[in-house]
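One structure, pasted below without further comment.
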Amino acid sequence: MFVYRRRVQFAETDLAGIVHFTCFFRYMEEAEHALWRAAGLSIAKAGETTGWPRLTAAFDFKAPLRFEDEFEVLVRIGAVTQRSLQYEFTVLKAGQLIGRGTLMTALVSKAPDEPMKALDLPEDILARLRSASEPPAGV
Amino acid sequence: MFVYRRRVQFAETDLAGIVHFTCFFRYMEEAEHALWRAAGLSIAKAGETTGWPRLTAAFDFKAPLRFEDEFEVLVRIGAVTQRSLQYEFTVLKAGQLIGRGTLMTALVSKAPDEPMKALDLPEDILARLRSASEPPAGV
Amino acid sequence: MFVYRRRVQFAETDLAGIVHFTCFFRYMEEAEHALWRAAGLSIAKAGETTGWPRLTAAFDFKAPLRFEDEFEVLVRIGAVTQRSLQYEFTVLKAGQLIGRGTLMTALVSKAPDEPMKALDLPEDILARLRSASEPPAGV
Amino acid sequence: MFVYRRRVQFAETDLAGIVHFTCFFRYMEEAEHALWRAAGLSIAKAGETTGWPRLTAAFDFKAPLRFEDEFEVLVRIGAVTQRSLQYEFTVLKAGQLIGRGTLMTALVSKAPDEPMKALDLPEDILARLRSASEPPAGV
């Protein structure tokens, strides 16, 4: 389990006084990319001809977040197939469940003037992400 | 079926050259609120002490949108319970399927200093939304 | 004077119940790009190796906008030099002044692995933008 | 001088491969609010009937930021009048100047159903913000 810590910013609130629901998808993505960095990787290195677009994104909202709330996004590697990788996220505020979500991504080549083409997921990247998001053996 | 038309704005793209996936959640919400207006309603009238927070939000991505693309968001009223309303969305670009999503919302009272409290959905609002999003009988 | 019409979206409001101030910079950009389209141009055609980054951006706020407000962004071509183009914007709601702003942009080449390099502004683009934003002679 | 540290997030980039210019206004606001917290204050406490809307906002762009760049926003209290407070910001990446900007704000009462009304700035808030953003005497 990888943990990403964050504080709610003013621009993320809406007229209902709570964080706009779309921001939770940003929070999941920020946590994903922080996991990549913790694994010694970058999901978008300059000059790369591949990308990791979303196949699905979903979130279940349990309680709201408000301006300046500090919260945690827990990331776990979920189902993996040859060409898809699912992340599972839990958002907590001081132990209270705020919500749970998933992002499923694919790896694609994106040559200019060609449609995106799905690629097999590299084993070494999966191994690194798993290692950075899982507790060490024996714990 | 209610149809909301929109064009991709520059700020909605990301370094991969396509619309950032979180924007599709904004598009669904914009279409929802346009449906409310078409039904003669506003989802957030000034001074109101109720709100319509999200219970769940999900989207399946089939093809990307790019800068200046014109697209349509089709809205349909899906499953309705005493205290939840699900919208179903289809995003199309010139007939091509871009993706499909759902938003499930509840109605809550939001008195200051009190937790949100779920309320039964008003029949007249449901009737108006259905009327604005369904084809007339005989069509 | 070119006129871009828009309605405030829910996600653009903040906990103060008004449009978040950063959205006005998005509104100015949307109006700029709509002017380009009205001039038969696109500011970011696929595959282009040039771009129009901002040199300066500024806005003076006179009155707030709220959810679902309809408003207009008036665009005028301001000061132009060999390598910079300034747009002047006025935001109005039913005739009421909401605010005024400017964006100054440059044209740059953006070859991969090279720093951006300023280019002279093409005369034909300037002429088209002027034509699309100015009243016809005799009016 | 108060220093706010941040990393560029993916959703903040645009198709030009750099941070979208509107994000710099978010960065300035985040730094402002971090300064308030460092001063033991919150710019928007729950239940408050006052707010701090923008009078003006401006930014001069010198160099772009890219995905995952780490940067600093330096905040200084600039010109203060009875009813306006200007912040001055400098954005740096590893010592390189990325840009400079300002935000001018007012304090207003915002009773429901009444127009915003400007208030005199409280001396104690100004003193705290100055103290949190200035070097100690003798340095």
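Just a few scattered comments:
Chains: A, B, C and D, in written order; residue numbering restarts at 1 for each.
Please note the rule applied: a residue touches a chain if its C-beta (ideal position, glycine included) is under 8 Å from a C-beta of that chain, and two chains touch if they have at least 3 such contacts.
None of the values given here were measured: they were computed from a predicted structure.
Chain pairs B-C and A-B differ in how many C-beta pairs are in contact, and the one with more is A-B.
In this assembly, the chain whose C-alpha centre lies farthest from chain B is D. The mean-CA centres of chain B and chain C are about 28 angstrom from one another, to the nearest whole unit.
The geometric centre of chain A is 33 Å away from that of chain C, both derived from CA atoms. Annotation: 23 Å between the Cα-based centres of chain A and chain B. Among the residues of chain C, those touching two or more other chains are numbered 10-11, 15, 17-18, 22, 26, 29, 44, 66-67.
Against chain B, the residues of chain C that register as touching in their complex are 9-11, 17, 26, 29-30, 33, 37, 42-44, 46, 66-68. The residues of chain A lying in touch with chain B in their complex are 15-18, 21-22, 25-26, 29, 44, 51, 53-61, 64, 110, 116. Across the complex, chain C meets chain A through its residues 10-11, 13-15, 17-18, 20, 22, 47, 66-67, 112-113.
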